[in-house]
Amino acid sequence: MRWWLPDAGSTFAGPIDTLFLAILIITGIALVVVEVGLVTFVIKYRARPGRKAFYTHGSTRAEVIWTAIPAVTMVALGLISNHYWVLIKDKKSIPPNAYHLGVHAKQFEWQVTYPGPDGKLGTSDDFTVRNQLHVTVNEPVAVELSSEDVIHSFFVPEFRLKQDAVPGMHIIAWFQATKTGEFELGCAELCGMGHYKMRARVFVHTPDEYKAWVAQQAAGGSE
Amino acid sequence: MTHATQALDQMRPPYSTEPGSGVYSNKLGMWVFLASDVMFFTALIGSYIVLRFGAPGEWARPGAILNVPLTGLNTFLLICSSVSMVKAYAAIADGKKYFLRKVPGKRLQDGGLKFWLLITIICGAGFVSVQVVEYIKLVGHGFTPAGYREGSLLAEHAAADPIKYGLTVAGLYGSSFFTMTGFHGFHVTCGVISMLYLYFTKVLPEKYSPQDYRGIEVIGLYWHFVDLVWIILFTIVYLI
Amino acid sequence: MNGRIFSVVGGMFLLTVCSKGDGTVQAAPPAAQPAVPTVDVSAAGGTITGKIKFTGAAPRNPAIDMSEEAACKAKYTTPPTEENVVAGPANALSNVFVYVSAGVPAGQTFTAPTTPVVLDQNGCRYHPHVFGVMVGQSIEVRNSDPLLHNIKAIAKKNRPFNVSQPNAGMTKTVTFAAPEVMVNLECNVHGWMHAYVGVRPDPFFAVSGPDGSFSIKGLPPGTYTIEAWHEKFGTQTATVTIAGTETKTANITFAAH
Amino acid sequence: MTAVAHTPTTAHHEPMSFWRKYIFSTDHKIIGIQFLFVSLFFLLVGGLLAMQIGWQLGFPGKPLPGGGILPETMVVNGVILPEYYVQLVSMHGTFMVFFAIMPLLVGVYANFLIPLKIGAHDMAFPRINMASFWLALLAGLIMTASFFVPNGPIRSGWTNYAPLAARPDLSGVTVGQMLWCVSIVVLGLSSVLGSLNYITTVINHRAPGMTWFRMPLSVWALFITAILGVLALPVLQGAAIMLLFDNVLGTHFFDPVAGGQALLSQHLFWFFGHPEVYILILPAMGMVSDIIANGSRKPIFGYHSMVFAIIGIAFLGWIVWGHHMFMSGMNPTLGSTFMVSTLLIAVPSAIKVFNWMGTMWRGNLRFHVPMLNAIGFVSMFTIGGLSGIFMAATPVDIPLHDTQFIVAHIHYVLFGGSLFALFAAITYWYPKMFGRMMSERIGKLHFFLTFIFYNMTFFPMHIIGMGGQMRRIYDPTIYDFLKPQQPLNVFISYSAFALFAVQILFAFNFLWSLKRGKKAPQNPWDDNGMEWSLPNPAPHGNWERTPNVYRGPYEFSAPEAGDKDFLPQFVKLPTDRDPVPAPLPATH
Amino acid sequence: MTTPTTHVRPNYMLIWLYLFVMTIAEVLLAFELPVARNLKLILLLILAIWKAMLVALFFMHLKFERWRLRLIFIVPLPLAAILVTTVIMEKVW
């Protein structure tokens, strides 16, 4: 049973989890203030015979305070969030040395195209593997997403990465895995009856393992 | 508690007793409806703009497929119907319930509500008819909501001159053209039907008076709005 | 008044419940049927037999990586491959759909057999891979794998369908209403899964076996064009004339490319 | 309009036939009640669909109890098929949003309350009002019909993202998709007609003395909601029409193969959809404000800022729709803009929550059933609002987007928010509708049980969403990282069944009280609203003479009230002067 | 009728003439005049909006109405602009 976000598996996990925790603390405080306030009022001001409520139409000062506090908090939160948002999603943030992979989504599978031994997409030694994403640890990977038919969404929970693959659009998402192992890639956008089955496995290798795997696949020459 | 029916007049004052908008409810309601119609056409026209802006190829040249002179005539009809509508409005405001009446010292007879509203209905019906003819011809040539029909004359032309006929985006062109003009035509048809209804139930029995001609003003607002939409559509669909 | 409104609402609800009850409950899967279609034709008539071969080198069938479906993988001792070109000894070619494309007198109608053809999804492959049915003959699609398969029919003349079977033991009966060679069946969850079904108005069709042989029985006298279809090699035709109850041979050779 | 006034005591002398009076009625109160019954029926349908979803998520692959009555295209051997599961989630959303919550809030309470609360005799256009109801019913029937056509209803979620919704070959739905589009177009027309009626009525038909800032917050909220409805629904209609044409005429609006844009459909949908979210919560907020002021026996705290908060939420609602699309591959700069505007919505929402608390502060709280539900609303809406902040902050949205976390969020807002407010409102105005009180005891039991099971159902969804469980998946157990969470899914399912079962209490209370409830006194809640100057139920035409309004709606415990702790808007004190009626507008 | 019409009635036929002339100008501009494409586009849009304004202001009498009524018609326009510009910006990046 897990009560928290999945284990961290990429460089994005750090800031996102921290931000998550920060929001949890802010909202937690707000929640406690409201709920405790409500319970207190419910007990303290319950109707008793012979008692009349305090007649007031409000207090400008109190309202200014509880308008200003959320406003300032939210603007600050927005500015901090935006920093990481741009880092994760902006095209300019994709590291220039990123290793590019093609991921083509279709009902209901992920076709991952690897650049082959020469490390470049779109050359003849490219090869495509179904439902398996192999990457190297500690190396930025740019996933070039495309879709055959409907909208799918590339989602690896451990990498804190989610990006829709939209037909007719060429979208690049990047990440850098920080630990080796096997993870799962799911589709997070309803894409039809087999949506839940659109599952691929993600293998994060050490550089040597990865090279060996690529060599083996390229030799196997599946298609 | 007793309720006397004679209290009814008191009970339901026809209009507001608070300042409100200062206009009677039917007119206010029509304006709100028009605001909502603006959003409807926003969805259609906005999609057209967005699709055209982001299209993978050039749109067909204006006039390549659509018959602009015919539509120009149609635009003229609609503008005429708009002015006749407003003349009908002015006529009843001045109390002219009649069809035509001689005015001393003038060659032309003076038109009343019945005359001008009839002109409006005829022009509106004419617009719809021309549009139906236009559709039939376009579909006959091979221009359909799905694009250029395979094997049609238009498809051959387009294959010969893909730039002029915007072959790559023919599907988008057909889709947006028929949807936008079709829904505009639907609005016109609704307007014509409503005007016919008013004509026979209210105008011919002379139920409108300079004191109360709400129906004419309200249908007029709708009609001018439809005209206004057409002015925009004509420019962005046929001329650009 | 409220009582009446209530009764109306209640009536609507009852109506909904009752009309949902119209659906038929699927019975337990019937006993296994032979996978080869049993065509019900009178024994009288001519027969066309033959062998299907191909020239050239058979392309290698790609291996299927079933590691994502452990339940399917466990059903194989050797790594499974796709069944694009299934070659027998001496370049015999199986999984070729052979049918009479012309020559059957027009206006003659044939009744479809009542026994359904079973299409089994087992080990994440279709069994059989290529088969034929008559118009209106039912196909019983069965899932023998404990995982989701969906069956998508890509058809032009027939109504396409797309149904899913999430559990083992599920069956679904489908029919085709118009002749069509071939209707493609595929599973979108397992991209390698393909099956092809030829839908014919008459019973004169066959699928070549592992040794490449086929036989079409019960043909009345006449001159026939037979067509052979293969998923990779395309189609070939031959002309055969039948007089009486003889057996004619028509060998067909495809060129591998 | 010919309208004849009557009271319940003279009802049997009524010349109007049953049909004229209750079926083809133009009386805003009857239309409201019609909406109430129809939308409660659709609420039940939506709830039944939800139960099946709950079964499948908790016990994937196990035969659904009673599933045998469903046809083979939905359930085989009792097992829910994946395509039926997708249909379940799609139709649950559609029914709940379009045919349950929206008509319950807007159709029922805008119709019922606006004229009563502003001192009008009826809506501005009673016949359009009737048309609005019948169109809504027609739309609901068309939507229901899609269960009975080949291939069944939509399979692309209630949002109908193209190209899945636009391509029958990809979704597998043909007629169902068309029926969805047609139904939504009809419903949109119904909503537009209803909304323009509400707007006109509020602007033009307020009783003398009912100035803008004497209107109860419920009327303010319903008025702003109507504006949202008038401007938002047509966009949905446009989108639905394009979707319909893509399906039927072969147009290519959303088909990328021919140059169409898949994201355009999302933009259009959410440009409507976000204001729609506020259509689904603003009326609830307004009615809760009325009830909390009543239950606290205190004027609402900061009436003006409450009004401006409603307007602010409505305005911001138009510029935040992109936050539904953060992961859609849209321009990240737009994402930043939408993030900021979304976070800003927290401000008016916070104002409202704190003002409700301010209202309760130093009050004299009466815990009648509406008040309990209203307090439940405030506490649950707070959770729903706060969980929204996680997804508003774009980086945090990345792991949470399209997971059960968002499902938890929307249910905290729509169930914990809107539905609790509706339980409050139904109980509160029940005497006005039917002349009888709902049982206090069952009502309290229902509230407490609902509150408990509701939280047990939806709170764990936050946790499984954090764990990464995608929404709308048929079987979470096929994912290794979701397997450990399955016990929580089972827990949620059991809680959901209990939650559904508890609603039987409400249904029983509602139906039983129609005939057997305690007769309601004229002003059962000691409230200030204009509607309580009328008998229960109020006669057609409401008032004999247009009433005068002397003060604001929240003068509870006012010093002028003497020994009572409320001072209705319609009571004339010796110090009050009659308002001067404004001149009638010209009729041309 | 409690308050008499206060505004002077516009000359409807004159506005009709304007509309007519501008339509002809539009067609000429679109097909006959040698103007750069972008300029043509802007000119055509200006003409269209001008015509629409004429209809709204004079035929629909918005020129003679109070602001609170004009507001009803004006409110949707920025919303429309927001929608279209946003979705276009989406395509630009």
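Letters A, B, C, D and E mark the chains as written, and numbering starts fresh at 1 in each.
Assume contacts are C-beta pairs under 8 Å (C-beta built on N, C-alpha and C of every residue); 3 or more make two chains touch, one makes a residue touch a chain.
None of the values given here were measured: they were computed from a predicted structure.
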{"item": "Contacts common to subunit D and subunit E (chain labels)", "value": "B"}
{"item": "Starting at subunit C, fewest touch steps before arriving at subunit E", "value": "2"}
{"item": "Topological distance between subunit A and subunit D, in contact steps", "value": "1"}
{"item": "Taking each chain's C-alpha mean as its centre, the one farthest from subunit D", "value": "C"}
{"item": "Chain pair with the greatest number of C-beta contact pairs", "value": "A-D"}
{"item": "Central chain (by mean CA position)", "value": "D"}
{"item": "Chain whose average C-alpha position is farthest from subunit E's own", "value": "C"}
{"item": "Subunit A-subunit C separation of Cα centroids, rounded to whole Å", "value": "43"}
{"item": "Chain centre separation in whole Å, for subunit E relative to subunit B (CA means)", "value": "15"}
{"item": "Centre-of-Cα separation between subunit D and subunit B, whole angstrom", "value": "35"}
{"item": "Per-residue multi-chain contacts in subunit A, two or more chains", "value": "91, 107, 192-194, 197, 199"}
{"item": "Residues within subunit B bordering two or more other chains", "value": "21-23, 28, 32, 35-36, 39, 42, 46, 50, 54, 93, 210-212"}
{"item": "Multi-partner residues of subunit D (at least 2 other chains)", "value": "81-83, 172, 231, 235, 260-261, 263-264, 267-268, 332, 474-475, 584-588"}
{"item": "Contacting chain pairs - touch in the sense defined above", "value": "A-C, A-D, B-D, B-E, C-D, D-E"}
{"item": "Touching residues on subunit A, where the partner in the complex is subunit C", "value": "106-109, 111, 129-132, 192-194, 197, 199-201, 220, 222-223"}
{"item": "Residue ranges of subunit C in contact with subunit A within the complex", "value": "62-63, 65, 67-68, 148, 150, 162, 164, 188-189, 191-192"}
{"item": "Subunit E to subunit B touching residues, read off their complex", "value": "1, 5, 9, 12-13, 15-16, 19-20, 23, 26-27, 29-31, 41, 44-45, 47-49, 51-52, 55-56, 58-60, 65-66, 68-69, 72-73, 75-77, 79-80, 83-84, 87-88, 91"}
{"item": "Interface residues, subunit D side, partner subunit A - complex", "value": "81-83, 86, 89, 155-157, 161, 163-164, 167, 170-172, 256-257, 260-263, 296-303, 305, 327-329, 332, 335-336, 339-340, 343-344, 346-347, 350-351, 353-355, 357-358, 360-367, 375, 378-379, 382-383, 386-387, 389-390, 393-396, 398-399, 401-403, 463, 466-468, 470-476, 478-481, 484-485, 487-488, 554, 556-559, 565"}
{"item": "Interfacial residue positions of subunit D with respect to subunit E in the complex", "value": "227, 231, 235, 261, 263-264, 267-268, 271, 318-319, 322, 330-334, 583-588"}
